[in-house]
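Shared chain: chain A. Partners: chain B in the first complex, chain C in the second.
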Partner chain A sequence: MTDGGIVTAVDGVSFDLHQGESLGIVGESGSGKSVTALSLLRLVPDPGRVVGGKVLFKNQDLLQLTDDEIREVRGRDISMIFQDPQSSLNPVLRTGFQIDEAMLAHGRPKAEAHARTVDLLKQVRIPAAESRVKDFPHQLSGGMRQRAMIAMGLSNAPQILIADEPTTALDVTVQAQILELLGDLNRELGAAVIMITHNMGVVAGLCTRVIVMYAGQIVEQGTVEQIFANPQHPYTWSLLRSMPRVDAVRHERLRSIEGIAPDLLHPPAGCRFHPRCPFRIEKCYTDEPVLEEHGPDNLAACWVTMDRARKEMGADDLVDIRPGAGSGVHKGQVK
Partner chain B sequence: MATATTTAQVSEAEILPEQQTLWSDAWRRLKRNRLALVATIYLVFLIVVALVALVYTPYRMSAVGIAPTYAPPSAAHWFGADSIGRDVLSRLMVGAQVSLIVGVGTQLLVIAVGVPIGLLAGYYRGWLDSVLTFIINVFYGIPDLLVAMIMVFLLGPSLTNIIVAIVVTRWMDMARLMRGQTMSLREREFIEAARASGAKPARILFGHIFPNALGPIIVQATFGVPAAILFEAFLSFLGVGVQPPTPSWGSMASDGISALEYAPHIVLVPSIALSLTLLAFNFLGDGLRDALDPRQKR
Partner chain C sequence: MAQPAQIQPAPSAGAAKALVRVENVVKHFPAGLGTSVKAVDGVSFEIREGETLGLVGESGCGKSTLARLVTQLIPVTSGHVFLGDVELTRMHGEKLRQQRRQLQMIFQDPFASLDPRMTVGDIIAEPLDNFGVLRGRKRNERVQELLRLVGLNPNFNNRYPHEFSGGQRQRIGIARALALNPKLVVCDEAISALDVSIQAQIVNLLEDLQQKLKLTYLFIAHDLSVVRHISDRVMVMYLGKIVEIADSVGTYSSPKHPYTKALLSAIPVPDPKIQRGRRLVELSGEIPSPINPPSGCRFHTRCPIAHLPTPCADNEPPLEEKVRDHLAACHYSQDV
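And then the complex of A and B:
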């Protein structure tokens, strides 16, 4: 809800998460990734609300729980890591104390929690963990702070760890370390990880399954291999094309996706991606596509799909992806 | 794999900031502020005097006829004697106790009342905020002198009642400050993170938001102290404050006012002590405000 009316930030998003799995949710800014994650724990900030749907966790609908019950789930069964470690630790409390607190909130005895904090900091590979527990957040580097946040997230051995762009605010070298750490922990502890990111590279390195979101809806879903090798939704395809690549032809321009993400106050009719889609057909303007199976373990919401775009519209040779430029562009014409 | 190990070592060898907390930082900056430092020294001296007065005063503060009435300052009686021959210095020392108890006591109670109300209003917003804000505004509309006098008339003029009367009329600024602080702090990511880790509301309010607002609260309370001291002196001057034989700086000034022409020291001594104390608290408050301002990192 904004001054301009009700924004449906996330609409009809439905997915499963299996035990120990690592799932990536990808999309541009404003595509509803974070709101999706926050609504799982009923943390959508005011004045936002979850108006319908279900969040089933161990056969229990989290949206039906009382405030006290959901509080028990938060941080114990499902915990969350935020984007900016700079601001997600309380600046006036000692780092170790904050991790202790996450455990005390779920009834662990004080002495045990305190001992476990040091272990956790070691587990997230913070050097000199024994002395770091007494540090204030500003005495830690950005990477260490994010490690401390991860330690806090893991403190109650949750079954699901939601990481909301956990590396966006960090240096590239530190990003790699944090991702590696999350991957290790996912394997070692068997906690399922939901990785929210706008970075396809992060997904490639960490996740086994990917959900691609656009304008508050899921447009494609599949295994990481399938999504990278053979994306079916033109948006996924454009996202992958717009990734900077080391092996790209030199002097080639970076390919962006033309246009901007739609205003969710007035989402476009038909397919929400059609104004920016190079492969749109008439049907896209009027009819909203639904997720359909386009291969083993692959769902995409598109009337055209990339298989057809490749065959009929010469998508592989396409350089100019301005809206509508797709049809009729063939090999040889583009130089 | 080799590269990963190298980068990990870089972060280990990273240079760390000096072991400094908010408070040691603030103290360092406060010391650099001359006025605030002088004010602090004066206030420490005043506290020592008040403590000494618990066990020792040059003369008994209520002993009548120790010196000639209206005796001017002399070696035996540094600040002279009052209209019935009591030692002014001894009474001034006991008066310092009264002023400090009123000043500090009211502010502690103001914090105890204002902070929870501000926290609740700022955190929960909605109807609770509307109700609490309405109550705050109603209290602002009540003339404080009137309330204080009515309360003292009803409950009797004791030190406790004066403190209660001041708290009842002065808690709103603290509540308002805390409400504003809470409203901005609750949007910070670490509060969201605390909620996501399952922290209970009480824990978030008092364990996370309150300590982050401590700086502004202390500054506000420091400015509240002189206001309360002045209000007590004012009430005592009017005769509805601390009752004899306990001296208050206000009642001492009031006692001497009729002899202002030929024995001005009786009025001047408590008045100057009062002014210096108010000045010192204001300078200290100013210094604390600068020292605790995180934006001013010097």
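And then the complex of A and C:
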């Protein structure tokens, strides 16, 4: 609810997460990826509310639990790390104590918690962990603070670790180290990881399955190989082509996605991507597509899909993509 | 403090003239108790007419300080900055102000860099008003021309910044930077705050404008993929020093400095097949403090190929040409 009315930040999102897998949720700002993650743990800030649906964790609907019950789940079964380690840690408490606290809250004896904190800091590869536990957050670098947050997230050996843009605030070399750490922990500890990010490169290295969100909805999901090699939704396809690549062989003009993401107070009718889509057809203006299977382990919500856009609309040969260009439905043109 | 070794600017490739020359520029900020932050510590380079020079490095390496020195928004501690044949570092007051017309900046945050109480027209015309160039109808025509140039509706001049999206605001910032027909535009993280799909629009716009208006860019960003895409040459900074300058193909395909190599290996490639096969060059430890930078080569504390203690911890490697038009500051660049 805002001054302007009700914003449906996330609208009818369904997916499942398997034990020990690493799932990427990608999307641009405002696509609803963070709200989706916060909804899982009922952490959506006021005045936001989850108004419908279910979150089933081991056959239990987290949305039906009492406040005390959900507090038991948070940090024990499912934990979360956030973008900015600076503001996630309390500046006036020692880092080690804050990690202890996460375990004390779930009933672990104090001495045991404290010993485990040092182990955890070693596990996330903080050098001189024994002395670092006594440091205040400001004495740690950004990368180390994020490592400490990950240690905290892992302290109760959760089955799911949700990481909401955990590397966005960090430099690339530090980002690479944190991603490697998350990958190792995912493999070694068997905890499932949900990686929320706007960076397709991050997903490519870490995740096995990917969900792509646009304007509060899932537009495509599939295995990481399929999403990158053969995306079916025009948004996924355009997004991948609009990014410059560091391993590019020659200079090619970037394929930008024309227009801007819709205002969620008044989402467009039909497919929410149609005002920016190069391959829209008449149906896209009026009928909302649902997620349908378009291949093994691939769901996409599109009336056209890239297979057809390639075959019938010459998608691969489009140089400059204007909305409606491919199908010729609109004044869009192919240069 | 020992003065950094005198470094000759890179010999120009072909006939491209230097638009801006920076010679041994140093900027120290006082940090109390007689110490200072050595934000930029003896750098020399040139920006050639019509090129895009990329500047990359991690936070705290001094890239934004360097941008402000090039545009003379802050005075140098020592060293020289030339614009063509004119030495900016010798100028003050009104004379410097007149020179600054040639040097404009586009900033990172399109929300903070536009005054919310001014109309878009007034924002774009502010440089014109400051220098008293155009008035009345001519001024408004220029504003509309600029709006068209950056791909916005020319009738938007009476609207306010809050009515625009991030990408559109960045276009307004670009229009303002172009109002005085500058020669050099410094883009300081100009697209970092934008979404991927919008980034591509702005990058394409910057490229089009460069062609149309014969602009020269100093393009600063921490995203190395974007810098590679847009730049003709790329300059890499570490802890207040330039460690490598080369054309973007050379820098990326055969880096001559171990820091550049580590930086490149850390960028995720959006392709699972390639990304999984890539090896990360791990850097040990953290970036040292610029208050008390390491002796010799500043990178030696984290360098995977350093020969310690000598020469790397003892002698500062000069920034010198390793292969044609490819400069690096490393004693063992052949081993990178």
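Convention: the second predicted complex is superposed on the first by the 322 of 335 C-alpha atoms of A that agree within 3 Å, B and C clash if a C-alpha of one lies under 4 Å from a C-alpha of the other, contacts with A are read in each partner's own complex, and residues count from 1 in each chain.
The definition used in the following text is that contacts are C-beta pairs under 8 Å (C-beta built on N, C-alpha and C of every residue); 3 or more make two chains touch, one makes a residue touch a chain.
Just so it is clear, the structure is predicted and the values come from calculations on it, not from any experiment.
After overlaying the two complexes on the shared chain, residue contacts for A:228 are found with chain C alone; chain B is out of touch.
Contacts of A:160 after superposition: neither chain B nor chain C is touched.
When both complexes are overlaid on chain A, the residue A:200 reaches chain C alone and has no touch with chain B. When the two complexes are overlaid on their common chain A, residue A:143 makes contact with chain B and with chain C alike.
Touch criterion not met for A:55: it reaches neither chain B nor chain C. By the document's definition of touching, of the two partners only chain B reaches A:41; chain C does not. In the overlay built on the shared chain, the residue A:176 is in contact with chain B and with chain C. Applying the stated contact rule after C-alpha superposition, one finds that A:256 touches chain C and leaves chain B untouched.
According to the touch criterion, the shared surface of chain A, contacted by chain B in one complex and chain C in the other, consists of residues 127, 141, 143-144, 173, 176-177, 180.
By the touch rule above, chain C contacts chain A in their complex via residues 58-59, 165, 167-168, 195-201, 203-204, 207, 222, 224-226, 228-230, 252, 262-276, 278, 280, 282-283, 285-287.
Contacts from chain B toward chain A in the complex involve residues 4, 7-8, 10-12, 14, 16-17, 19, 21-22, 125, 187-190, 192-200, 203, 207-208, 211-212, 214. Contacts from chain A toward chain B in the complex involve residues 41, 43, 45-46, 71-76, 79-80, 82-84, 87-93, 101-102, 105-106, 125, 127, 136, 138-139, 141, 143-144, 149, 152-153, 173-174, 176-177, 180. Looking at the complex, you find that chain A touches chain C at residues 28-29, 127, 141, 143-144, 171-173, 175-177, 179-180, 198-205, 224-225, 228-229, 238-240, 242-248, 251, 253-258, 260-261.
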